[in-house]
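I have a structure I would like to understand better, so I am pasting it below and will then ask my questions one at a time.
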Amino acid sequence: MSILIDRNSKVLVQGITGRQGGFHARLMMEYGTNVVGGVTPGKGGEWFDGKPVFDTMRAAVKTKYADVSLVTVPARFAADAIMEAADAGIKLVICLTEHIPVADMMRVLAFCRQRGTRLIGPNCPGVMTPGEAKVGIIPAMVALPGDVGVVSKSGTLTYEVGFAMKNRGIGNSTIVGIGGDPVIGTTFVDILEMFENDPDTKKVALLGEIGGSAEIAAADYIKTSMTKPVAAFIAGRSAPPGKRMGHAGAIVDGGEGSADEKIQALEAAGARVAANPEEIPDLLS
Amino acid sequence: MSILIDRNSKVLVQGITGRQGGFHARLMMEYGTNVVGGVTPGKGGEWFDGKPVFDTMRAAVKTKYADVSLVTVPARFAADAIMEAADAGIKLVICLTEHIPVADMMRVLAFCRQRGTRLIGPNCPGVMTPGEAKVGIIPAMVALPGDVGVVSKSGTLTYEVGFAMKNRGIGNSTIVGIGGDPVIGTTFVDILEMFENDPDTKKVALLGEIGGSAEIAAADYIKTSMTKPVAAFIAGRSAPPGKRMGHAGAIVDGGEGSADEKIQALEAAGARVAANPEEIPDLLS
Amino acid sequence: MKLHEYQSKALFQEYGIPIPQGRVAETSREAGAIAAELGGTVVVKAQVHVGGRGKAGGVKVARDAAAAERHAQAILGMNIKGLTVEKVLIDEAADIQQEIYLAITNDRSAGQPLLMTSMQGGMDIEELNRTRPDAIIREHIDPILGLQPYQMTYIASAMRLPRAHWRSFLKILSGLYACYNKSDAELAEINPLVITGAGALLAVDGKVIIDDNALYRQPALTAQRDSSDEPESERLAREAGITYIKLEGQIGCMVNGAGLAMTTMDMTKLYGEAHGIGPANFLDIGGGATPEQVATALSIILSDANVKAVLFNIFGGITRCDEVARGILTAYNAVQPEVPMVIRLQGTNAAEGKKIISEAQLPHLISAETLTEAAQRAVAAVQESA
Amino acid sequence: MKLHEYQSKALFQEYGIPIPQGRVAETSREAGAIAAELGGTVVVKAQVHVGGRGKAGGVKVARDAAAAERHAQAILGMNIKGLTVEKVLIDEAADIQQEIYLAITNDRSAGQPLLMTSMQGGMDIEELNRTRPDAIIREHIDPILGLQPYQMTYIASAMRLPRAHWRSFLKILSGLYACYNKSDAELAEINPLVITGAGALLAVDGKVIIDDNALYRQPALTAQRDSSDEPESERLAREAGITYIKLEGQIGCMVNGAGLAMTTMDMTKLYGEAHGIGPANFLDIGGGATPEQVATALSIILSDANVKAVLFNIFGGITRCDEVARGILTAYNAVQPEVPMVIRLQGTNAAEGKKIISEAQLPHLISAETLTEAAQRAVAAVQESA
């Protein structure tokens, strides 16, 4: 078992005929993900590696039943693509696209809530259930099947930690990149709750960073509601305040959102916080 | 028993310090309605006939628990007033105001659906449960307590029919004016369903008119789902097509919405349709 | 409020929708000059607020300016379904390869805007709905969110519009929605939207109806009102805040409330139809009518020479019957009607009202207790006058 | 992108928000002329993208033009928290009776715009939140529906604004929301919004931050960018599509991915802090960096004279390590660095990448297997260079 996706998930790729979308769709299929088709407006009727391409999500969902959609379209079109997926009845949308304006995301999020659609991301590496399926860009080589759930705001840092675990023979139930943008569809708390309820997840690694208060909310949840052990790392202890560290959300503002504050909250909640992400496997043993 | 309102309903009047709002608030209180206060922005802290006036619905609901709101403000402010009531947690809003633009009503209706608020009207005479409470402008003298439910698009036509019943000793469980605008919060079908489920309603009178297809939907509902007898009258047999007969919704357009079409559908559904509204009491005996 | 074709198309153009070159003319000479200026073949089109003008001869193609002037002369002043043509639109003729139907309207049942489109344009939507309902693509629009890009793609794809036209069509969809939305339109219709031989899209005919209740916030559109085809009596009533619609019968009706006004008309027809008698008008004097408004309403009713009797049906709710009775007396004295007037007062203060009427002892006044009785007496009064 | 005070207030004015008369000056003479033109008492205010300018002496009241010129001379060129003042705003002084705080910002947790206001204006929101949290009225705004009139009434009522000011305040609320919304702002703040002795409302100070990701659709705002206080190296990086932030340490970092870049910085600090060694910069070369971008990034890192070692940390996912290795060689040949470079390649095609690097046998190249090892070696290299 796992959370969010598994070998039975039926996936549509929005933007499948694009360079990024096509590249990752192929890697996902190689990994074993059940990609049932793709959507590119104006290219309906074409084929992509044996999978049908549709003009619209509505047509795609009508023809090929699907659970999950992966949004890989450019930032100007991404908000519309997410809403299209939600409107077509998709209940899990994973959006890789970065640089989507926050105003668009707030509207999209309200829309997704109305439709009962869960959004992961944007600006995230996606979700992988090792040995079963991956939806997004997490490289196959960074993880083994196992019982540690991973939830992270960052892409390559997740690979780093997954890889460190793999080198120690530790595998993962599901790896979820929630993204580093200020407004995201799914938070640490949402995913921690899923891991807490997932019988195949025994322990959890949480990778946070400066900016916002999502890690503080996670600490509250860990303190009040989690029985499974949590190891954590917070990136950005050396980041100066008032500067945006690459991720649109990674900024310490008015003294809020610092790494130290988050580390303290997580430690007070009983999580074990690593000073070096390569120590996470030790904290999980 | 009854539907929508009874002697226990706690009512706020939006626009209570206005000429119309104040006049009807007094008549409602005289009738026995539990008016707990009113709202007029900028007049919070004043009193109206011993009832507190608030600046906002939020403040009013926080101070005085209320179930029902009556909107009596002018058309330019009515859409906002309905949304304010819904946002403040009121689950039944009755709007008397006429001449609200349809575009505003469509937005308001979508908002009310999101909030789980039922809207009656706009441009309606309101609701009366004879002997218990009235919220709106239906005159006390037109009805007795009894077991006939009345639902109507029109104001004075409703009084006419109520009065004809009263003169024959027939009383009403609840009288509901749903309004004659093209887009309204509550339809014939909604109210028929409530009457069907109300143990104190034994029979139903439906007063429709030309325009739209709400009476056709009502006929479908009567045919498929109603066990209680329905007597009906449809106004506008003599109205020419393409002309708006006073009510914004009362127009036969492109051959659709004619009185004859509606009468046929109701008769086919088993309702007894009067050619003269003063015959309704006969059809109910 | 209905806009004329030329007004609708000018509005479309403001929202980036391409329309043919053209201008409106009120004289045939002007029409000829416009045709000369446009050059080539033009279409001369009657501007009246009524459908079916083509069949009535109100639309003609002209190969040159002289022909345009000739056609304009024939069309201007023409009577189409009771309306006189006062303006013609001279448009360059489009090279039509394909006609598309496209409209956004208020869907009453859903409480949402509804976009309808079809590759089978040219015929009206009712006819299309009857003959090719499957050829109509229908898409509801969230009234808060508005028309979204993904919906536009869906529409273009579902209607099987050739891909080459998607980009232009999507711009037109988005323009038409903005036009509908920002203008408080009840209907914004392009029919036909034409694909020309050169592959361009062009709104060749258009129809916009503005929500009367929203005119207060649409000053630019309100200023375009053309009352020339509105009967004088209806215009006077509108300006006095009374809803009045002239009909063909003999019984003038004055009623409070729209539903009851329609019902009162229906009753005069119910009891009069066998004798060729029916309602002369719809008139709703509303809730708080003043004696002055009652007098104005009565003058308007009596300005119709067909009227042989007047029926007052007042069910007092908020309206008090004694006040209405006083209004009737004021109106009576001001207007001095010579036809019989049946007066039925019921509801709040009905007894006082009836007393006021009966004590005035005016000629031609007939009182009635019920609506049925009132309608029957009005029919009888018309019969007696014959 | 931050707007200066004078730019923010000009934007407010476009949305109907009243602001003091005033203009910006780049020389003291110009400042004096503006003050003379305005007449009366003025305020001379440093325009820098940093808080606390008042305490730093960057805001001065002047009773006449001569004083304004004097103050402008003192303020222009002043260094405030590392930034040089290049412009001053000369505003007429307001007659302040009451200061209000008013702002709309993105609430990350709620995923909704949040309006905050308080009758305790003048101090910043963090201070207000610490000292008088109960005095702040907070109202979320539905991102699809926008700020509704009833919410504005609620805000005015809840903050206990005297009724006399409601009408002006509601206009300002609605203007500020439109400004925030139409400008894709992350923050639109008026602080203080002043009630003057004459009872008028006036936005005396303002701050607007635009969402960088939305600049593509905000050309008018983008054109207002003032890069004068942006370090040359950051500007070059921005123009090359690389995120670079200069810091104070000695280890230049080049990493793929923002989270890993921060982490790499953290590791240099973790192992270097005891020796006074830390990161010289944040740099994310992104996913698909070309050899040219790697070269540009390396030049930018090395343009910082503090840099004593460079640490490459690449975790190949989509990025292939062999390609990065080739990029590093290209960059190396182009830039000819003289400081040691620690290279850690991991992930996709890591073996090939390492082979390419080792076969090149370039001087100053140190390889590492893990992030820990890489950070430790970079720290050691800096220590050796000292």
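Just so it is clear, A, B, C and D label the chains in written order, and each chain counts residues from 1 on its own.
Note that contacts are C-beta pairs under 8 Å (C-beta built on N, C-alpha and C of every residue); 3 or more make two chains touch, one makes a residue touch a chain.
This one's a predicted model, so the numbers in the text were calculated from it and none came from an experiment.
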{"item": "Partner chains shared by chain B and chain C (touch criterion as defined above)", "value": "D"}
{"item": "Distance-maximising chain from chain A - centres being C-alpha averages", "value": "C"}
{"item": "For chain A paired with chain B, centre-to-centre distance based on mean C-alpha positions, whole Å", "value": "49"}
{"item": "Inter-chain centre distance, chain A versus chain C - centres from mean C-alpha coordinates, in Å", "value": "56"}
{"item": "Distance between the centres, which are taken as Cα means, of chain D and chain A, whole angstrom", "value": "27"}
{"item": "Shared-contact residues (touching 2 or more other chains) in chain B", "value": "107, 111"}
{"item": "Junction residues of chain D, two or more chains touched", "value": "144-145"}
{"item": "Graph class of chain-chain contacts, one of line, ring, star, complete, other", "value": "other"}
{"item": "Those chain pairs that satisfy the touch definition", "value": "A-C, A-D, B-C, B-D, C-D"}
{"item": "Residues of chain C touching chain B in the complex", "value": "106, 108-109, 111-113, 124-126, 142-144, 181, 184, 186, 211-214, 216-217, 243, 245, 247, 255-263, 265-270, 278-279, 282, 284, 315-318, 346-348, 370-372"}
{"item": "Touching residues (chain side chain B, partner chain C) in the complex", "value": "23-24, 75-76, 99-107, 109-111, 125, 137-139, 141-142, 152-160, 163-164, 180, 182-183, 207, 209-210, 212-214, 217, 233, 235-240, 243, 245-250, 254-256, 259, 275-278"}
{"item": "Of chain C, residues touching chain A in the complex", "value": "145, 148-150, 153-154, 156-158, 163, 166"}
{"item": "Sites on chain A touched by chain C in the complex", "value": "41-42, 44, 55-59, 77, 80-81, 83-84, 87, 107, 111"}
{"item": "Residues on chain C engaged by chain D in the complex (per definition of touch)", "value": "144-145"}
